[in-house]
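Naming follows writing order (A, B, C, D, E and F), and every chain is counted from residue 1.
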């Protein structure tokens, strides 16, 4: 009965990318553990970069500094 | 100290429906486990159908195909 | 496609109590939102009282003080 | 490898407040457990007050009643 | 910055199976979204079958009935 | 109404360390957001290193290799 929660930053992920993520993760659980697809749920949460902290900083600040260095 | 997280697809759930879900789940925890209501939190997450995968497919695609068959 | 996560402290909840919680929460989602039971998952996490903090303190300490006052 | 999820009601939390929360929680994990900042993720979820139930009621209803008593 | 939580029933999943699940899901996020492996965490939660409800029933009861029919 | 979930690897965290983590995170939410301690829950999940993947590998394997290099 797998339930998978994928949390990523919100950066314009397309519908096609979401479909691929869901298809591949479901396939992984089917092939490695023998789970049934119809018992497998995969939920994708897109999180604003102002709400995701990494290494003690907002991801939005990390991205802004990386862009400034280019 | 219960914390309950209800995750459902975003399909126009009304404020009244949310209030009923919260009231009933809280009541279940009070009557079955003797929990105090003032220690009980219930959080409802509504997830876009493009972000919920079931049986390896986007829920939005499953709904679209079901509608097409009608 | 509901997925519900119930988090409670580990205090000797019985199998029968878990069965009632799962049956009642599933019934709530069926009756309020028209969800299908076979799409509804309810996962119960039992958390040690040393790992659950409330009001800035370990629940195990809160329980010990309450018992001492009896 | 800490992952921290902070769930709060959506009540106009500012970017600066989010940055402080993330910095302080990361610092707590560094100083108490010796975790590396670059392995530490903190994700803040802001939840609509219509979606957060407390003591069996919608938080939005609790707030409205509290305001009416003022 | 992906964080993935895989929740499955506890049914004797081996260390090798866990390693494959983690490797494949990480690879999916790298190839579909261009995520960096060193920013990607995958946490597997194994849940006792007495604690996972499906279709309103304990998974342990569903398994017992299925075994009885064999 | 904050609910905080701290997920860390299971590496012999003591009761005193858990108490400090809970006290400090609660204090952060009180001082930054004005939350009430009695509405604030902090739950710590300790995850086996065989169940936490980082950079596509089991944390237990990463630790074993780091120890071998010493």
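In the analysis below, a residue touches a chain if its C-beta (ideal position, glycine included) is under 8 Å from a C-beta of that chain, and two chains touch if they have at least 3 such contacts.
Owing to the predicted nature of the structure, the values given are computational and were not obtained by experimental measurement.
**Q** Imagine chain C is simply missing while all the others stay put: what groups of chains do you get?
**A** Minus chain C, contact groups: still one piece.
**Q** Would you kindly count the fewest steps from chain D to chain E, each step being a jump to a chain that touches the current one?
**A** Counted as steps through touching chains, the separation is 1.
**Q** Work out which chains are contact partners of both chain B and chain E.
**A** The common neighbours are A, C, D, F.
**Q** Over half of interface residue numbers shared between chain E and chain F means same, under half means different, so which is it?
**A** different
**Q** To test your reading of the model: what rotation angle superimposes chain A on chain B by C-alpha positions, in degrees to the nearest 5?
**A** So the angle, rounded to a multiple of 5, is 120 degrees.
**Q** Select the chain at the greatest separation from chain D, using centres from the mean of Cα atoms.
**A** E
**Q** How far is the middle of chain A from the middle of chain F, if each middle is the mean of its Cα atoms, in Å?
**A** Here chain A and chain F have centroids separated by 21 Å.
**Q** Report, in whole Å, the distance between the mean C-alpha point of chain B and the mean C-alpha point of chain C.
**A** Roughly 16 Å, centre to centre.
**Q** Return the residues of chain E touching two or more other chains; collapse runs of consecutive numbers into ranges.
**A** 1, 3, 7, 21, 25, 41, 43, 52, 54
**Q** Throw together a list of every chain pair that touches.
**A** A-B, A-C, A-D, A-E, B-C, B-D, B-F, C-E, C-F, D-E, D-F, E-F
**Q** Under the stated contact criterion, what part of chain C meets chain F in this complex?
**A** 7, 47, 50-58, 60-61
**Q** Given the complex with chain B, which residues does chain C contribute to the contact?
**A** Contacts found on chain C: 1-9, 13, 17, 20-21, 24-25, 28-29, 32-33, 35, 39, 52, 54, 59.
**Q** Using the touch definition from the top, list the residues of chain F that touch chain B in their complex.
**A** Within the complex, chain F touches chain B at residues 1, 3, 41, 43.
**Q** In their complex, what parts of chain A are in touch with chain B?
**A** Of all residues in chain A, those touching chain B are 15, 18-19, 21-23, 25-27, 37-38, 40-46.
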